[in-house]
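Several structures are given next for inspection.
There are two complexes below, and they share subunit A, which is joined by subunit B in the first and by subunit C in the second.
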Partner chain A sequence: MTRLQTVVRWAGPILWLTLALPPVRHALESTLTLQMLVQIPLLALVGWWLRPFLPDRAVKVLNAWNRGGISGLLLASFAAMIWMLPRTMDSALNVPWVELAKFTSVPVLLGLPLAVSWPRAGFVVRGVFLVEATATAFRLGWLYLVSPQRLCSNYLLGDQQLAGNALLAIGAAMSLLLAWKLMWGHVDVDGSHRRSHA
Partner chain B sequence: MASLTMYPDDERLAGGERIAFNLYIVTAVALFVLMMLLGLTMRMTQAKWLTVQSPLFYQLLSMHGAGMVGTMALVTTAVMWFFLRKYVQLHLWAFVANYVLFMLGALCIIASIFVGRYGALWTFLYPLPVRGFGLWTSNTSALFMVGYLLIGVGSLLFYLDAAAGIIKVHGNLGRALGLQWLFGGKIDPDHPKAVVASTQVIISNSLGILAGAVVLVMSLVNIFFPTVVLNALLAKNLIYWFGHQYINATIYMGVIAVYELLPRYTGKPYPISRPFLWSWAASTLFVIVVYPHHLLMDFAQPRWLAVIGQMVSWGAGFPVFLVTVFGALTNLHRSGIRWTMPSRLLILSMFGWAAGIVPAILDGTIRNNLVMHNTQWVPGHFHFYLLLGVLAMAMALMYHVIGSRVSAPPNSSADKLGFPLYLAGGLIFTYAFLDAGRLSVPRRMAEHLDSWTFTDKVGSIGAILVVLAMLYFAIRISAGLLKQPSAGAAGVSTADAAG
Partner chain C sequence: MSVLRTLLASLLVLAAGVTALSASTDGFRAFTSETARRVAVREHPRDLPPVLLQTAQGRTVDLASLRGRWLLVDFIYTRCLTYCSVQGNEFARLQDRLAGPIADGKVLLLSISFDPTHDGPVQLADYQSRSKDRGAGWIAARPTDTAGLEALMRGFGVTAISDGLGGYVHNAAINVVDPRGRLVAIADWDSPQEAEQVVLRGLAR
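Showing the complex of A and B:
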């Protein structure tokens, strides 16, 4: 294993430790937008990068319960659902064990299942997941924008609305990206390329 | 290029495919009869020939609207599946999943209307579903919306499976639409029109379903958390973006039957052309952005959206319609076509689509819209193209398939009687709506003034004829589909079939 490969292999734990450093953690939790759209996605990325640490035997056992990647994507969706709620993001700032739960559950229950399941998912399953993710971005953005009161006691209304606008922008960007890819891009429908690496 | 063989082998339905197709069609024709009976009840109530209490009338109107739109989508999905599976790999599970989710959604909708007394119409325009004024509860509206979500998920699964099949063969959706041939190059004469039309439907209706998924869930959030107040205009924009594309997709799925079947009955090839590809490319864009013509009367709507709505209305309907009707007439000209039921229905569908689109374009013009939009002109237009256009396209395929069971296109004496009955009834019924629109009779009203009832009575007579004809068609088609195919039914040549 080259030095670069070693670094890549340890990228997940390194990123996790970086995100857990108090100054970084405080900075990324200073606004709702940063916590929701930067810190949590980065924690999910940590989970994705933890995939090489999963023993082959465990992968085999998981695959038996993860046909077409559906179970894993469902698990990731439920985990994401929990960490989309203003209440949980708010509690993470006030209650240490909720913060700990965030730092463990997002990588393990969101990022890792995504990494295990995505290569196994076919075009239809991926399509449903991406359409639902796009719709969720629009819905949450709309919700944050129209909510008449502060949803988090730690964040101001203006920050909440910024998060709403950012989510709408993410939804629009995802729609355009998907449309472009399907219309003019190259799409690996069979997933044969990815599956061979799974 | 579409086959000229009347019943080619690659269209043969066997095993699970046959069961699934039969389920779609038998369910659809049964639902059409039931929904038409509801429509007849409403027209006769407006004509004062029947007495139906207003709350029940709006329940019937909700059921009729949601039921007809859904059933049109169901049956035209079967049309798209029937032909598209010849050119790309489609999975039966996706086709069946769409059916199962449709039925579950339909059960939710039926329960919300007939048990929960939902009466906020198929458009569920915010905030009406949450303002039942004691006639229905918010939970009832939630059940109705869950029904829509289930149906939408079913459609999405089917479209994604179809997209996967198309992309696997053609690389991406742009190439499947034939965009690479718009400005030059030799068009592949074997590029299937069914693929072009299906691709358009997948693109536009998936976007529509996305909009529907957003607004339906937000409406549910509003139901359970009333403090989250929605922007009614934004909700209406999303609802019509979804609704317009969903119902328009039925035309574009249904017209595949014309492209595939007409050449077999005329015996003349129906080649693909650059204008054809241009028209479908333009229509793909236009159908996505045309929806604001439903909101021309909303004074708060941004002016630029209203302008887009009008301009695109004039452009959206024409390309595909002109190319298809011109192509069909060219194909028909001096063809020596034999007038059997499928060929009659195909040509009727061209007429229904063509004539039905004209009042739509008139209504899509702002000055006309101000005085026409809330009148029966609008149901006149959409009943015209749905009843005599889209349904005729779907029934052409149904009759064609039952012909494959006996190796000859159906053309019994009863069919020869049923067709003019359907045509005459349909014309009387739709022209009564259009004339009522001309007379400024409002739409969506349970009770009509005495001076409005003449067109209601004429419309009711037309509706009775249509229901009788449809009842016959439903029995004939269901019985025909349940027959075992005769040996050697496939592969009958055009010449044989045309006699």
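Showing the complex of A and C:
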């Protein structure tokens, strides 16, 4: 293995440790927008990058229970839902075990299942997942934007509205991307069949 | 085979996911930490920490020594220029609404400053007179040391964060403490009738 390959292989743990450094942690938790749209997605990326550490045998067993990536994507969706709640993001700042739960469950139950399942998902499963993710961004963005009350005791109302606007922008970008992909992109409708034999 | 196994795995994930969601929202009731705090207090009344307070008159009282009557407690900082500056007026209004029980020594209102370095007896007395204190049954006070302040913030679940303009934003509320010294309910800061109801129901029992 070359030096570069070694670094790439360890990118997940390195990123995890970087995010866990107290100054980085505090900076990324200083606003709701940063925690929700930077820190948590980066923790999920850590999990995605943990994929090479799964032994081949384990992947084989998992695949047998994860046709089309459906059960894995379902798991990732639930993990994402829990870390989208104002309450969990709020208490991560005050309660150490909640913070620990975030730093472990987001990589292991969100990022890693995504990495294992996404390549196995076919056109329909991917479509459902992406459309639902887009709709969630709009719903959540709208909620954060119009709520007259602070949903997190640790964050200011203006910050909450900023997060709302950012979510709406993400939802809009995802819609455009999906539309572009459907109209002009290469859509691999039969991908699931080909991959399920692999 | 893999279809059935995937179905089974998905059902298990679904069950575990719904259970986890339910657990992290107190059965789909509390989606914010503020609601969670209120649900927790209502279902499991909390004993208050013994904390020494200095009042606007300069006297020192132990929070524990105020037992034996209903306490309505709010957390304030006297420099507040936004909505929290109205908290005092709401307490003055409660003095009117609960005038009877207050005269009988059954109810006491208590405003505690979470900004004790700035809020001394003078500022607290000024806060009360600005809020049109009716003169009976309302104590404004500050914790005498940092440990006391921290114990109060933790005990009541108060979070105050900087508003970036030299002031604070905090989860203002009216905390109801029963005669046994337990925090039993938390009402909206701008809804004194809600806190009043809890007290009157308690007194009627």
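Quick note on the criterion: the second predicted complex is superposed on the first by the 191 of 198 C-alpha atoms of A that agree within 3 Å, B and C clash if a C-alpha of one lies under 4 Å from a C-alpha of the other, contacts with A are read in each partner's own complex, and residues count from 1 in each chain.
The rule we apply is simple: a contact is a pair of C-beta atoms (placed from the backbone, for glycine too) under 8 Å apart; a residue touches a chain by one contact, two chains touch by 3 or more.
Predicted model, so just to flag it, every value in this text is computed and none were measured.
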Combined model on subunit A: subunit C and subunit B, fit or clash: fit
First, second, both or neither for A:F78, with subunit B first and subunit C second: second
First (subunit B), second (subunit C), both or neither touched by A:P52: neither
First, second, both or neither for A:P86, with subunit B first and subunit C second: second
First (subunit B), second (subunit C), both or neither touched by A:G68: second
First, second, both or neither for A:S175, with subunit B first and subunit C second: first
Subunit B, subunit C and vertex subunit A (Cα centres) - angle in steps of 10°: 100
Partner chain(s) touched by A:V146 [first = subunit B, second = subunit C, both, neither]: first
Subunit B versus subunit C as contact partner of A:V128, first or second or both or neither: first
Partner chain(s) touched by A:G185 [first = subunit B, second = subunit C, both, neither]: first
Shortest span in Å between Cα atoms of subunit B and of subunit C, once chain A is used as the common reference: 9
Shared subunit A surface residues [contacts with subunit B and with subunit C]: none
Sites on subunit A touched by subunit C in the complex: 63-68, 70-71, 74-75, 77-78, 81-82, 85-88, 90-91, 94, 150-157
Residues of subunit A touching subunit B in the complex: 122-124, 127-128, 131-132, 134-135, 138-139, 142-143, 146-149, 175, 179, 182-187, 189-190
Residues of subunit B defined as touching subunit A within the complex: 94, 153, 156-157, 160-161, 163-164, 167-168, 171-174, 203, 206-207, 209-210, 213-214, 217-218, 221, 227-231, 234
In the complex, subunit C residues that touch subunit A: 1-3, 5-6, 8-10, 13-14, 16-17, 20-21, 24-25, 30-36, 159, 161, 163-164, 169, 171
